[in-house]
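Each of the next two complexes has subunit A plus one more chain, namely subunit B in the first and subunit C in the second.
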Partner chain A sequence: MSAVGIALVAFVAVTAVATVLVRDVLSAIIIFGAYSLGMALFYTLLLAPDVGLTEAAIGAGVTTILLLVTIAKTTRPIGDRVLASINWPAAVVVGVLAVLIGSTVPYIPTDNFTGGLTPVIANPNVTGYYLEMTYADTGVTNAVTAVLAAYRGFDTFGEAVVVFAAGVAVLVVLHTEVFS
Partner chain B sequence: MSVDPDRPYTESLIIMTAVRMVAPFVLTYGLFITFHGADSPGGGFQGGALVGVVVLMLAFAFGARPTREWIGNDVITGLAAGGVVVFVGVGLVAIGLGGAFLEYGRLEPLLGPDAVKWGMEAIEIGGVAAIVASVIMGLFFLTAAGFDRGDGS
Partner chain C sequence: MSALEFLTTGYAYLAFAFLLATGLYMMIASPNLVKKIIGLNMFQSAIFLFFVATAYVQGGSVPVIPQEGGAVGEYASPLPHVIVLTAIVVGVSLTAVALALIVRIYTEYGSLNEETIREVARR
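Let's look at the complex of A and B:
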């Protein structure tokens, strides 16, 4: 992995831990926004610009704003302690999980981190077919869009309806029938 | 840290000026991502999110209530429901023309030889982008208004 990649991983790790440890919710939200921005850059570095765009818009943008609006009506914690107290049993469990998942990382093919063309994919036949046949099948050049809208159109339909249902669910919870 | 979300931040000249300068570019970028998603990174979801974020930015700079009244409930519900209708509609028209649900190739009599591409554009732009943009705006306005709607709930 390049120096930029290592720096981004370190940045994401530091901001993720800081989000948990900082006691002030406003600070935690801002740091969480920085974490999302780091993840967006990292996805772009890993040649996933579609995911990076989503992370930047939803993670860094919308989530941050929604959380800020939510805490606007709360109060800040009294006192000047910067860090929250750590729940050690939970921290140990999380640490063990992190080590377990991290131990699988060396077994991921890493060719595309180093500029090679072998993609990290679970089922190369299906993915290879998409990459090869997208233009002939659908007439668009962005394979991600082709998979979303054409090959997996019904899944995307379900996802779009889930987003719609989320809006309806919030209306129901708030006992209102209008968004504005 | 107790900010009334309905109060416009009229005193913050910096935020208002910054949003006024940035918003047209973000809107253009969002529309580009939406309409050019077939041939470059992005698509309806990302572009719709960016267009929704423009409205959130305006609300942050000029106050949630004026922005909410400017957008209006009809636009938000219309986009959300209309997006689902467009998505279902494209799928059902394909069935009506003898194909499977969302089988864009069957739309050729309506959309011409590039029916698959135009069918995908239709559900990305008219479906996904509209749903995502409107639900983001709606969630923001609902959260900003909170429970104080005066209806005793």
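Let's look at the complex of A and C:
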């Protein structure tokens, strides 16, 4: 774990906690934008630049804008208190959950963090096929793009349908009849 | 496994557990509906972190592969990355619909506070 990794984990953890603790929703949204950017850098550090770019554009960009538009159209809590009050029963419950999940971590194979040859959960044979054949099959050097647009093109089309359905749902919910 | 080794190899998974719990706490405990949605997004990004961490290969490079092809262990696995890309886009669609519902709730009830909405609905 490099110094950059330590700094990023610390940054992400601090911004996450700050998002929870701050009472004003506008501040929480801005801090959450910083959190998303930190996560994007963390993904990039873990050799996933495509995920990092998407997270920076959509997580830190589009989601933040959507949240800001929402509070512009509605309201945010008024009052002088800076910090939100802590709900201790909920904190205990999620604390137990975190400890439970954390206690499974030593049993997750972490070979891939110590110089082991294979990614731990994705099947190495399947991964090996894509690494070897991507260019021959699709003529694209970026394996992520190749899987997204060529091997799994229909899934990506289905994703576009989901986005379209979400757009329709937003228009229906908001009673914005563009065509009437 | 010693504690130090555990920290250096499992830090991404520990961050995953911590962020998952933090997001879930926001969804449960925050009375404000917009903050609940922020918590939902945090929960999602923690799961993305888990997927990306499983694809990581120490000393490997990003999955951009030269024409002659690569071998396992030289590159991070591209497959979890693709799943996460899809999930990010679906996640933002989910957020958009949830926030539209919140705007409607505000026009009906005049508040975004969970308790206040419950009381107005009871009357």
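The criterion applied here is as follows: the second predicted complex is superposed on the first by the 154 of 180 C-alpha atoms of A that agree within 3 Å, B and C clash if a C-alpha of one lies under 4 Å from a C-alpha of the other, contacts with A are read in each partner's own complex, and residues count from 1 in each chain.
Criterion: a residue touches a chain if its C-beta (ideal position, glycine included) is under 8 Å from a C-beta of that chain, and two chains touch if they have at least 3 such contacts.
Remember, it's a predicted structure, so these values are computed and weren't measured experimentally.
Applying the stated clash criterion after superposition on subunit A shows that subunit B and subunit C can sit side by side. Taking subunit B and subunit C in turn and counting the residues of subunit A each one touches, the greater count comes from C.
In the superposed model, A:V9 lies in contact with subunit C only, and not with subunit B. Look at A:S27: by the touch rule set out above, it reaches neither subunit B nor subunit C. By the touch criterion defined above, A:T156 lies against subunit B and subunit C together after alignment on the C-alpha atoms of chain A.
By the touch criterion defined above, A:D137 lies against subunit B but remains apart from subunit C after alignment on the C-alpha atoms of chain A.
Shared-chain residue A:T63: touches subunit C; no touch with subunit B. Judged by the touch definition given at the top, the superposed model places A:Y43 against subunit C, while subunit B stays out of reach.
Applying the stated contact rule after C-alpha superposition, one finds that A:L148 touches each of subunit B and subunit C. With chain A used as the common frame, the shortest Cα distance separating subunit B from subunit C works out to 7 Å.
Shared contact residues on subunit A (touching subunit B in one structure, subunit C in the other): 49-50, 54, 58, 62, 66, 69-71, 73-76, 141-142, 144, 146, 148, 156, 163, 166-167, 170, 174.
Residues of subunit A touching subunit C in their complex: 1, 5, 9, 12-13, 16-17, 19-20, 25, 28-29, 32, 35-36, 39, 42-43, 46-51, 54-55, 58-59, 62-63, 66-67, 69-71, 73-77, 84, 86-87, 90-91, 93-95, 97-98, 101-102, 105-106, 108, 110, 112-122, 124, 126-128, 130-136, 141-144, 146-148, 152, 155-156, 159, 162-163, 165-167, 169-170, 173-174. Within the complex, the subunit C residues that touch subunit A are 1, 6-26, 28-30, 32, 34-35, 37-39, 41-42, 45, 48-49, 52-82, 84-86, 88-90, 92-97, 99-104, 106, 111-113.
Of all residues in subunit B, those touching subunit A in their complex are 1-3, 5, 33, 37-43, 45-46, 49-50, 52-53, 56, 60, 64, 68-69, 71-73, 76-77, 80-81, 83-84, 87-88, 91, 101-102, 104, 114, 116-117, 120, 123-124, 127-128, 131-132, 134-147, 149, 151, 153. Contacts from subunit A toward subunit B in the complex involve residues 26, 49-50, 52-54, 57-58, 61-62, 65-66, 69-76, 137-142, 144-146, 148-150, 153-154, 156-157, 160-161, 163-164, 166-167, 170-171, 174-176, 178-180.
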